[in-house]
Amino acid sequence: MALVKIIEYAEASPEVKVVYDDIMKTRGVEWINNFWKALANDPKQLARVWAQVKQVMAPGALDPLVKEMIYVAVSATNGCEYCTFSHTAGARKKGMTDAMFMELMAVVGLANETNRLANGLRMPVDAQFIP
Amino acid sequence: MALVKIIEYAEASPEVKVVYDDIMKTRGVEWINNFWKALANDPKQLARVWAQVKQVMAPGALDPLVKEMIYVAVSATNGCEYCTFSHTAGARKKGMTDAMFMELMAVVGLANETNRLANGLRMPVDAQFIP
Amino acid sequence: MALVKIIEYAEASPEVKVVYDDIMKTRGVEWINNFWKALANDPKQLARVWAQVKQVMAPGALDPLVKEMIYVAVSATNGCEYCTFSHTAGARKKGMTDAMFMELMAVVGLANETNRLANGLRMPVDAQFIP
Amino acid sequence: MALVKIIEYAEASPEVKVVYDDIMKTRGVEWINNFWKALANDPKQLARVWAQVKQVMAPGALDPLVKEMIYVAVSATNGCEYCTFSHTAGARKKGMTDAMFMELMAVVGLANETNRLANGLRMPVDAQFIP
Amino acid sequence: MALVKIIEYAEASPEVKVVYDDIMKTRGVEWINNFWKALANDPKQLARVWAQVKQVMAPGALDPLVKEMIYVAVSATNGCEYCTFSHTAGARKKGMTDAMFMELMAVVGLANETNRLANGLRMPVDAQFIP
Amino acid sequence: MALVKIIEYAEASPEVKVVYDDIMKTRGVEWINNFWKALANDPKQLARVWAQVKQVMAPGALDPLVKEMIYVAVSATNGCEYCTFSHTAGARKKGMTDAMFMELMAVVGLANETNRLANGLRMPVDAQFIP
């Protein structure tokens, strides 16, 4: 039940297989998840999105686990079921414990609450917060 | 230009002043931002929301700076101007550099992009992601 | 600073004036707010949207004040500044007190919080909740 | 598993059947989808929403296929599963190819990404963009 | 298929059982829904969120049924499936009829429509709406 | 009033100037809008996001004006003020008339309305819509 064909490795074009291979190698796994198999309907988009994920989620000024948890926070806020499952799995693989996940959810819940209090009460931004 | 009165310290009831004092003491600052001054129109709500923020944002399984950055991620995703300004200021105070902020935005942007690719293509959640 | 021309009464076409007149008569006011003045760039859309608002917001199974507060709840959730201001004004005109507004915000905030806890933890819907 | 009764043609009131008949005639199909069968619990709302869809989605300044793709873009952005399935089917019926659908998703994904970069970085609107 | 363990009463810690007991007593039911069973993975968060729900949803300046319908309005706007089912059930238990539910949906739909018209046309807030 | 420094051409690093030059050349304009000047705080991110926009928004299976209007539809749905202004200006430059813009808004409004009716009534997806 997807809106496009799920393209398995065996039936993928060489252009797609190159990306699939790089995903598996980079992540140290031997399977491809459905997100990429769906994007493979447009091989250029598959390559572009994967290149982005690879670049943005690599170690940098922020820790990879922190990045993965931020991904979960955004996905839960947007109500994206697929992304919440896939990035929670990703965060756990990088070391997120149950206690960390529950605390992450507490922050996400609170932020969503106070975002609406602020958007509803419409107080001006304090000068002290403006750089 | 707010939808409720902004209640300054000088005119606050004793019940509100207790919360204001605790906010300033906990944060080590000598001013109250407009969010709390607006919530003060309902002293019980002010006390309840502040108690929550204090509890949820305290050190725990996650680092306070990480929590503050998650707050910024949610606020930017929801488009809450007030919260984006206030929590970005909060995160900077806790040590977030420009490089960390830009990288945080990169993750937030990417997550919002792939959330919609997943929500648009509607591929099923892979069995491997389900605990 | 709007993306279309704000069409004032004096310069409006007869087709638009008919709607403007009905808005003022229905609401018992002598001015038109900017929302309608912007929609007037497409007179058929102006007439269609106004007809809808008139029908949906009329007394029915729900009280008009309750409907107006639901409108505020949705607008704050979506972060629509214009709508939050206009419908809060509308709700106050229909009798919403400051205490009611603050309590409305408390419910909106809480619902936004628990919505994300549910969307993040992804527990199945209990059979008891399915009609 | 719906929150209201799904009202089939055979059991519908004459008022509802009139709308069902018009939907089938307008679309050249011989079945009614669940969206309308659920709305039929309030026959006036069914008639009102159908009248709107019929009017707004008709050919006008924009091509019907373009409108249908815009509908998909909004539905994927909002994470509405039902609407994403129904309007993607609608767009395909009007001529959207797989290549067009994948490109649509690419734009939707990118827009959602840059929307959050803008909402997070909070740069002012350039004067050149203000009409 | 949840992202954390669903903690049943029999296996719950004494700290969790206290909250479960209070939920059942307060609501006059003899079962606990999955939302709380998932939150129970963090007993302090379970206690905190329940205390909030109990306080915010209690009778006050707004009627409990009105509050429950506002909860449904926010949940439908956010696309939270779990919350839409659970709070619609809650509202029905408090007296919401089918006619009230359909009318609630009409207001929610309309508000979401005009929120985007306002956010797209970007007309300024009228001075008359600013308190 | 932005959360990062707005980096003007004159003070930009050579790495940033290369991107700025390409933006101006590609668009046939002689100025850089604030979105890019803010992203320039992270030159790699500036280059990455610009490369994406350039690739995704180029002519392909969809017409560039259609893509620009889809961008506006998403931006209005998300309530992104900056993006709504910038992409409406972009769409107008590519030929969008006032009539097309108003009709675009009508579709965006309607989609947001019916998205919530579907998310609130929770009817199952019809088998006919599943490819």
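Going in written order, the chains are labelled A, B, C, D, E and F, and every chain counts its residues from 1.
Methods note: a contact is a pair of C-beta atoms (placed from the backbone, for glycine too) under 8 Å apart; a residue touches a chain by one contact, two chains touch by 3 or more.
Computed from a predicted structure; not experimentally measured.
**Q** Going only through chains that touch each other, what is the minimum step count from chain C to chain E?
**A** Between chain C and chain E, the shortest chain-hopping route counts 1.
**Q** Between chain pairs A-B and B-C, which one is joined by a greater number of C-beta pairs in contact?
**A** A-B
**Q** Would the interface of chain A with chain D count as same or different, where same needs over half of all numbers used to appear in both copies?
**A** Copies use mostly different positions to touch.
**Q** Among A-B, B-D or A-E, which pair gives essentially the same interface as C-E, with more than half of the residue-number contact pairs in common?
**A** When the residue numbers line up for over half the pairs, the pair is A-B.
**Q** Among the chains, which one keeps its Cα centre farthest from the Cα centre of chain A?
**A** Farthest by centroid: C.
**Q** Report the inter-centroid distance (CA atoms only) between chain A and chain F in whole Å.
**A** For chain A versus chain F, the centre distance works out to 21 Å.
**Q** As a quick test, compute the distance in whole Å between the mean CA positions of chain D and chain E.
**A** About 27 Å, centre to centre.
**Q** Two-or-more-chain contact residues of chain C, please, as numbers and ranges.
**A** Touching at least two other chains: 1-4, 39, 49, 52, 77-81, 84-85, 88, 99, 102-106, 108-110, 112-117, 119-122, 130-131.
**Q** Considering only the defined contacts, which chain E positions touch chain B in the complex?
**A** Result: residues 1-4, 44, 48, 52, 55-56, 130-131 of chain E touch chain B.
**Q** Given the complex with chain C, which residues does chain A contribute to the contact?
**A** Counting only chain A, the residues touching chain C are 72, 76-77, 79, 81, 84-85, 104-105, 108-110, 112-117, 119-122.
**Q** How about chain B: which of its residues touch chain C in the complex?
**A** 3-4, 41-42, 45, 49, 78-80
**Q** Spell out the residues on chain A that touch chain B in their complex, using ranges where they run on.
**A** Per the touch definition, chain A meets chain B at residues 1-4, 6, 31, 33-35, 37-39, 49, 52-53, 56-57, 60-62, 66-67, 69-71, 73-75, 77-78, 80-83, 85-89, 97, 99-100, 102-104, 106-108, 110-126, 128-131.
**Q** Give every residue of chain F touching chain C within the complex, in rising order.
**A** 79, 84-85, 88, 98-99, 101-103, 105-106, 109
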